[in-house]
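Several structures are given next for inspection.
One chain, subunit A, appears in both complexes that follow, with subunit B as partner in the first and subunit C in the second.
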Partner chain A sequence: MGEFISILVAGVATGCLSALVALGFIVTYKATGVINFAQGGLVTLGAYLGYWLIVQVGVPRALAYVAALALMFCFGMVVERIAHRPLRSRPLLVVVIATLGIGLVIQSGLQTWQGSDPKHLSTPLDGKVLHVLGANIAYWDLLIVLVTAVVVTALMLMFSRTQIGRQFRAVSADPDVASLYGIPVARFGLIAFGLGGLLAGLAGLMMAPRGSLEISMGFDAMMTAFAAAVIGGFGRLGGVVIGALVLGLVQQLGSAYVSDSFTELYPFIVMIGVIAIWSQGILGSEERVRV
Partner chain B sequence: MVKRRVLGLAALASVGVLAAGCGSSESSSSGSSAGKSSEPVKIGLIVPLSGAAANPKIYVDPANDAVARLNADGGIDGRRVQVIKYDSGFTPEEAITAARKATSDGVSALIGLPVVSQVLAVKPVLDQSKLPLLFLGGGQEAEYHADDSKGASEYSFRIGTPANLTTESGVEFSIRNLRATDIGLLLRQESAAQSNQELLTRAATDNGGRVSAARVITEGGTDVTSELLPMKDTDAIVSNDYPPTLALILRQMQQYQMTQPLVGEQSAAQVFINRLAPAALTKSLYSETPCNPSDSRRPETPAWTRAYESAHGYTPDANSAITYDSFSILKDAYEKAGSSDSADVLKQLESLDYTGGVCEDYKTDPVHVTGHSAVIMSFADGTPRTVQEFDGL
Partner chain C sequence: MSSVATDRTDRPGAEGPDAVAETAGTQEAVARRRRSRRLRLVTIVVFGALMCLGPVLFTTDYSASVLDELLLYAVAGIGFFLILGLSGQFAFSQAAVFGIGAYASAWAGHYTGFWLSVLFAVFVACVVTALVGLLLRRTNELYFAIATLGVSQVCVIVFRQWTGFTAPGGEVALVNVPHVFGFVVNTPERYYWMCLVALTVALALATLIVISPLGRDTTAVRDRPAAAAGLGISVVRNRVTVYVLGSAFAALAGAFYAHMEGFISPDSFSLNLGIDLFLVVILGGLYSVWGAVLGAAFVVGVPEIARGAAEHRDLIFSVVLVVAIIAFPDGLIGAGNRLLSLAGSLTRRGGSHGA
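Take a look at the complex of A and B:
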């Protein structure tokens, strides 16, 4: 029982990390129609910024997290200024490839800045566990789940209950009409990329203490998150979170009880299975017209 | 800080000259037509410079030190030595690309390749170019067999521990020294994972123990719960994975209150050196490695290690020591060959008997393996200590 619960919680925590990255995809996609493949590089950048501020500069931890997230919001906007704004009139594929290129540039830049030897970002919660029904649950994993729940709730409330959220949805539904109503569509694109960067940075900061910081950590996370976004129906926050949780659980439970030979394939097996049955994802997709 | 670094480099250079004097005095007298050339001897360092598990400094720093020492000592047959770095990554494709680039750059020899599949992949490139490769990765598949097309190129020489020792000493140590009966195996995801599992299982049985759980860990994962929990009741865990994964295993062992020892290969030393896990967790960590530069009985090694630490600010591991030694081995072979002709150099590498290394003595056996010892390191008291030596195999 204890072992099953441990595996279950590990699956949920892994899924939550994927959800944070996937939400970054979705926020950007909803506002601009662009799948931002710089997300992987931004995840890594967020983790390294946290390491730099806390370990190398010595900034107090809480302040360092806030500063890292603020910087990540700015980096997200920089990605928009480089890969989206100047290329808006070009085919969508060009913009997507440009974002992927920026992700690789971020990765190379980090390697030059911090070297490619792995690093560790510790937290005060290291080694602290909660004992529940024979399972040892890491407090950090619980924090990951809590942070993801707060972020998802905040995003859902923002999109459904606030003026800016309604404008976001208007931009998402039809940018031309939104523009006619005086909504600054371009500015929303900028903010969406910023939010995407912030969410990627948050995912990187939450991911770093679980493993080691290394240059390609964000790329692996991005691939799983992309599968989660597809499973959930690209564009729907709830669907993406469900997709990410399903993937995290399938990976952990599959590895434990089916075979450990296919652990990295499980997300994509599930993704292919889901879109074969529901072509629009679990909750269906939102129609999107490119800005 | 800068002064300390300069002093460190100076110390390293002097130790290098001293080590060269001790180790290769017998080889410095042979004449060579190559000695008349003013062209530098280019040596390619073909190691992972990028990628998740890459830690280039442990190869690049000793390579630069070795070249500085060789040049201070007159180069190879009077020719200046130049090291050119190539990123081998971790895949066969990257290794082939890097080896081809090195060939087109006109290097005289290659040092590097820590992954067995890469050593096998570059075989056609080496056979065609007749370029000697001193490789750092273990594995029985990468041995050379003159009567068999399988295995590595005849121009490949393993610098370091033989494959059977690399694979089995961790298990043997766990059973004989740590009194473990049930062994858990956490294996790196690679093409040789299945054969490694078979070898380790056989080693456990041969030593009177058994493997009660074996799992393969996905590369780049951030959670090993499902792989680790089946090992809960084992007496020791043996893993051949890379440093980031070993650090993750240690942290999750702490989470699941698993207190048994974790025995890794050379990567385990990197977990300690790079502080990837807190000191409290590395107390139960052991590393199987060709040598322990921090705790060696070889006369030239302590001074080399001190100078290295002073120059680079971190403790050298066996990879660094072997990389450093590889340059001395090449110098020895080239000068004894008396020419840069590949057949002559090959002959010298095949009959290599080099005793001046900072890691160990090197003597080529019929399958082109030159190292013949291994040690088990413990980090329990906060420094890398040798707790078991395997020698003369």
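Take a look at the complex of A and C:
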């Protein structure tokens, strides 16, 4: 029983991390219709920025987190300036390869900067566990769940309740009409990419203490997040979170009870199975036009 | 050479003889098409003959092995051109298929000779990609991109973990030495001839595909899927066929590569090979078979020329990839063509037929 609960919580935490990664490119997608394949690189960058500020520079922890997130917002906007703004009228393939390429630039840039040895970003919560019904639950995992819940709720409230969220939805529904109503569509694209970068940074920072920092961590996380987004339906915040949780649980339960040498494989098998049957994801996706 | 795929980019008015919109052939058009077809094949023969000079210029084992790699990259790149350029499918699994070719031939090499193991490798890759293509037949292009990227991830994990098929850690040493008509192919120079034949055949095959009815169908499906379906072309069958065909090139290159290196590990087929292959097709130009040859020359050649930069190979290549896709979406060949047609239109009316 205790073991089962531990696995369950680990699965939920894993799922929440995927959800955080996925939320980044979903927000961008909703506002611009572009899937940002650089998201994986941004996640790795966020984690390494945190490591650099906290361990190598020695900035106080809270300040370092804020600074890293602010920097990530800027990096997200830089991606927009390179891979979205100048490529508006180009074929989709060009945008996809350009964002993927930027992700690879970030990845290989980090490799040059920090080398390829795995690093560890420690936290005050390291090794602290909560005992519930014989299960050991890491505090950090609880924090991941909490942060994800807060972010998802905030994003949902923002999209449904606030003025800026309504404008986002207007841009996403029909960019031309939105711009006729005086909404600065181009600026929203910039903000959306920035927000995507910030969420990527957050995901990277939350992910880092669970394992070691590696160059490929972001890309792998992005692929799992894609799987979650495909299952839940692109463009739906709720669907993506559900997809991510399902995959996290499948991954943890699978590696505990089926075979642990193929842990990373399960999400993709589920994803390919799902789109083979429902070509738009189980819940259907929100088709978006490119801005 | 007038390019095949014209109207995907914002390149205006560069219609080749194969454009979809071509009106049914007047006799002149048929004759012109036949001439251009012959010209393409002659170009390939001339290229093959010129490449026979390779060993004269590069005499050491090392330079020969670099050339071998170049030729194999070009073969895989030509397959990628068929998928990405001719068919317009966002299939990002080429590096993984290269790996499938390498591992499958290594596995089969335990039981049989070189040629059968290569055949087996191509067969395995065809089965896997046909399965992937069929499973993903109804998805939109972005999902296809994501799913094929997922397939690449899956492949690398399988290479590493499925030890019955590979070896612990996925690190396999190959034992087979190819025999071709009684010659033992055991040095890089001898491999050069084998790879050169492979590349020439690949070029000819790809060109034949491009100018065949299949190639025309593919262009139609790429540019106007609904209209193509209306003309009775099976969109799914066409896409899957081209995806499998293009992947077969990569599998062949992978099998040759594995035997040439004599040792393979999963990391050789991860994202870094992906960057290389992307660069091979994008930099050379997505719109011609020759783009892959040009791109391969860049990807393999530049690190050899600029030794100091070789350490930051991945960084430089990924930057070049981003710059190339943004600044020259038609690649070097496209840029060259544009220059040629500019020069042509200055001297006389109409487009150019420069090579």
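One rule holds in what follows: the second predicted complex is superposed on the first by the 286 of 291 C-alpha atoms of A that agree within 3 Å, B and C clash if a C-alpha of one lies under 4 Å from a C-alpha of the other, contacts with A are read in each partner's own complex, and residues count from 1 in each chain.
Here, contacts are C-beta pairs under 8 Å (C-beta built on N, C-alpha and C of every residue); 3 or more make two chains touch, one makes a residue touch a chain.
If you're wondering where the values come from, they're calculated on a predicted model, not measured in any experiment.
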Using the overlay on subunit A, decide if subunit B and subunit C clash or can fit next to each other. clash
Contacts of A:Ala70 with subunit B and subunit C, given as first, second, both or neither: neither
Which of the two partners, first being subunit B and second being subunit C, lies in contact with A:Arg90: first, second, both, or neither? second
Subunit B versus subunit C as contact partner of A:Ser122, first or second or both or neither: first
Could you say whether A:Val105 touches subunit B, subunit C, both of them, or neither, answering first, second, both or neither? second
Name the contact category of A:Met207: first (subunit B only), second (subunit C only), both, or neither. first
Counting only touches as set out at the top, which of subunit B and subunit C does A:Glu264 meet: first, second, both, neither? both
Figure out whether A:Ala256 sits in contact with subunit B (first) or subunit C (second), or with both, or with neither. first
On the A-aligned overlay, A:Leu142 touches which partner chain: subunit B = first, subunit C = second, or both, or neither? neither
Which partner does A:Ile35 contact after superposing on A: first (subunit B), second (subunit C), both, neither? second
After superposing on chain A, which stretch of subunit C overlaps subunit B: 3-11, 147-155, 165-173 or 219-227? 165-173
Taking the contacts subunit A makes with subunit B in one complex and with subunit C in the other, which residues are shared? 111, 216, 220, 261, 264
Once bound in the complex, which stretches of subunit B touch subunit A? 49-57, 189, 215-223, 225-227, 229-230, 232, 243-245, 247-248, 251, 254-257, 274-278, 280
Considering only the defined contacts, which subunit A positions touch subunit C in the complex? 35, 37, 82-83, 86-87, 89-94, 96-98, 100-102, 104-105, 107-109, 111-112, 216, 219-220, 223, 226-227, 230, 234, 261-262, 264-265, 267-269, 271-272, 275-276, 279
Once bound in the complex, which stretches of subunit A touch subunit B? 3, 6-7, 10, 13-14, 17, 111, 115-120, 122, 126-127, 129, 136, 138, 207, 210-212, 214-217, 220-221, 252-253, 255-256, 260-261, 263-264
Could you please specify the touching residues of subunit C with respect to subunit A in the complex? 8-10, 84, 88, 90, 92, 132, 135-136, 138-143, 145-147, 149-151, 153-154, 157-158, 161, 270-271, 275, 278, 282, 312, 314-315, 317-319, 321-322, 325-326, 329
